[in-house]
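Below you'll find the structures, each written out as structure tokens.
Shared between the two complexes below is chain A, which pairs with chain B and chain C, respectively.
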Partner chain A sequence: MSFSVEPVNQETVIIRIGKALDFRNASEFKSACQDQVRKGVRNFILDFSDTGILDSTGLGSIFSLYRQVSPLEGQVVFASVSRPVQVVVQLTRTYKVFRQFPTVDAAREALV
Partner chain B sequence: MASYSILVVEDEHTLLRLLEYRLSKQYDVRTAANGEEALDKIAERLPDLIISDIMMPRMDGFALQAALQERKETRAIPFIFLTAKADEQSRLKGMRTGVDDYITKPFDIEQLLTRVERLLERANLYQTQLDARIGEDFSKRLMPKSLPQAPGYRTFFHNHPREHGGGDLFDWTEAEPGVYFITIGDVMGKGLQAKFYAFSFLAYMRSILHAMLKTTHSPAELMTRVNQVLMEDPPMEETFASLLLMRWEPQENRITYTNAGHCRPLLVTREETKVVTYSDLVLGLNPHAQFKDTTIEMPPHSALVTYTDGLVEQQMRSGEMLGEPGLMKVLSEAFDQPKPVEWMLEEVLNNSIQPEFQDDILVFWLERLQKVDERPSGPRWFSPFLDVTDIHR
Partner chain C sequence: MDAVTYRFSDLNAVIERVHTLVDHWKAEGIFPPVFEDDTLHMLRLAIHEWVANLVQHADFQDREPQILIDIVPNGKSVHCAIRDNSAGFDLDTNLRIRESMLETLPERGMGLLMIEACTEHLSYSRVERGWHCLEFSVSADQDPWLPIPF
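Presenting the complex of A and B:
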């Protein structure tokens, strides 16, 4: 299963994470992001509305993306964070790094 | 999973296209018209298997095979000769040079497909077994051979790595008599790669600790340095880790810790189980991340329990993960057991969907006894996976 990517503008995309981001599909997520970065995308809105599982491998792949775009003045933001994802974000204190928005639309407005 | 890549080397165009057509239904196929072209293609990217004709212009199959034998990264690629030469002489020559299989034209395409499949399967099996062995070796090296001990305390440790588990690590050192530094962490990722990263990470940790303990005993200062190294050093670029670093002073009944996004420790007493809440950002994300020391006083008859995420991510029969609240409940019940960690893990498994853990499990239990002279050294229990005999230091 591939990740759905919705372009917002030349520099910004929304990626729907779907039900799970874990050791099974983390490398797929990484390559999907890589493709976007190569095309010049700098800002990533990650939509977690349906996400039930985010494990440490999945989180690691988001961290890789962050390390890649932050030197380019890019951003990775979390939108519509589900409860299981919120637990992980709290535990790892990553809310200090990834801005959170209640909805995808709110994130889109803030970034564009 | 990405499909296997096969390189077909054949100068006869029609046959080449036929093979490409049939094989590409299952595999990622590249083609070359002679040995020289094949070497170029192999230099671009190593295939998982090569099917080659013998008689070709420019560079024939034998010369190609010989060239591959010279480089160690190409030596082991499964190689099938495909040729009209049905004579025993070239068959023997082929076998001598390390060819894995030999098919004479005209051939049955189904037979070729079966052999390709079998060779790939075999190569894959070797790789899996090798990964498992290396992984097991790393796992053992990431774990301690003994545990810290002090009068009035008992400690338990359990570790059960899984083949496809992640990069859990545990380490301790006695910085000066009666002052212990204990690290527990999880390097992100899965499988052999994570274990390898965890192993390199542990080596970094140990050298930083070794160098810095002369000047500071603050876990937060040590953590800040570990994070900087992780951020600045190119080989560690893709490494992210959660880490708990604790300074344990048993004579003071005090633990000072700093937590970089790791699962929060739990302090268990007979009355209640409390979450040791304060923590900072995971390692490897922000070079300027700040870390803070927090001190916990260990009351008489209490246990500090630290662990990695495999435990709380265990899927329970309730349909949810065990989670921190679930673990707290089990710990309260485990507290008075003679072997609390063993008891607790069994209890979790009894209520899991599956009768085994799905990820690496690591638990460290540090208990202050009611009185100093009570049970000076408690029973030790290690997982059978680790053949640890010397647990007293």
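Presenting the complex of A and C:
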């Protein structure tokens, strides 16, 4: 369960979350994001189009990323949010923190 | 409908198998007609969080880990019982501690609170020698909310 990272520009990347972001791969997600932050990336578009599982540990790793980039005026946004992920977003009201876009392209346009 | 029991013992594979099982339940149409997809996602989330908690934190001592999942559709809700042969813990005390310690945008400590928010009639107790059981219902009428500090 690895993540694919697609650069948009020097400050923005798209991360394809894939099937799951949970306790099994949250550390890997954090490492992948930290690598990007070290390279100067500040804006993260998280693509949830194929994601069937987002659990509390996965959400915690996204909060961690947000805490890391928000002091740098960076953003973490959600794109193409699947229903299982939307249920977690609604449950935790995290739509108040993370902007959501219907597609990755819409998120890319908003951030670039 | 009678309870259907599923047994798991390989902790490395259990999460994948649990999700396969929920997919199977859906494909078999065992949920009440009022049980919409979002309610099923809540049931799936509650089971996932509990099994993840067992995989990561449960003390099975020298026993082979055993996790048994029973579900019973009942009107607008589904009752779920998850038995395990771990040493167990005091769920209510843990919930209240986690609730009081929840930091802003927390990285940890949300899992049990998510289960509490998604479910009704939640309990975890010793049921027989060497076994504990988490019981809860997920209802089609719920509109759950876990108040996380932002």
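Here are some notes:
The rule is short, and it goes like this: the second predicted complex is superposed on the first by the 111 of 112 C-alpha atoms of A that agree within 3 Å, B and C clash if a C-alpha of one lies under 4 Å from a C-alpha of the other, contacts with A are read in each partner's own complex, and residues count from 1 in each chain.
Here, a contact is a pair of C-beta atoms (placed from the backbone, for glycine too) under 8 Å apart; a residue touches a chain by one contact, two chains touch by 3 or more.
None of these values were measured; they are calculated from a predicted model.
After superposition onto chain A, the partners chain B and chain C occupy overlapping space and clash. By the document's definition of touching, both partners, chain B and chain C, reach A:Thr92.
Touch criterion met: A:Arg67 reaches chain B and chain C at once. Residue contacts after overlaying the shared chain place A:Phe3 against neither chain B nor chain C. Here chain B and chain C are compared by how many residues of chain A each touches, and C touches more. Look at A:Leu59: by the touch rule set out above, it reaches both chain B and chain C. After overlaying the two complexes on the shared chain, residue contacts for A:Arg83 are found with chain C alone; chain B is out of touch. Here chain B runs into chain C after the superposition, and of 77-85, 113-121 or 383-391 the stretch doing so is 383-391.
Taken together, the two structures place residues 23, 55-57, 59-60, 63-64, 66-67, 84, 87, 91-94, 96-97 of chain A in contact with chain B in one case and with chain C in the other.
Remark: chain C residues 15, 19, 37-38, 41-42, 44-45, 48-49, 52, 55-56, 105-108, 110-111, 113-114, 117-118, 144-148, 150 touch chain A in the complex. If you check the complex, the residues on chain A that touch chain C are 22-24, 52-53, 55-57, 59-61, 63-64, 66-67, 83-84, 86-88, 91-94, 96-97. Note for the complex: chain A touches chain B at residues 23, 26, 55-57, 59-60, 63-64, 66-67, 84, 87, 91-94, 96-97.
Every residue of chain B that touches chain A in the complex is listed here, in rising order: 164, 166, 186, 188-191, 194, 237-238, 240, 242, 261-264, 279-282, 284-286, 309, 313, 321, 323.
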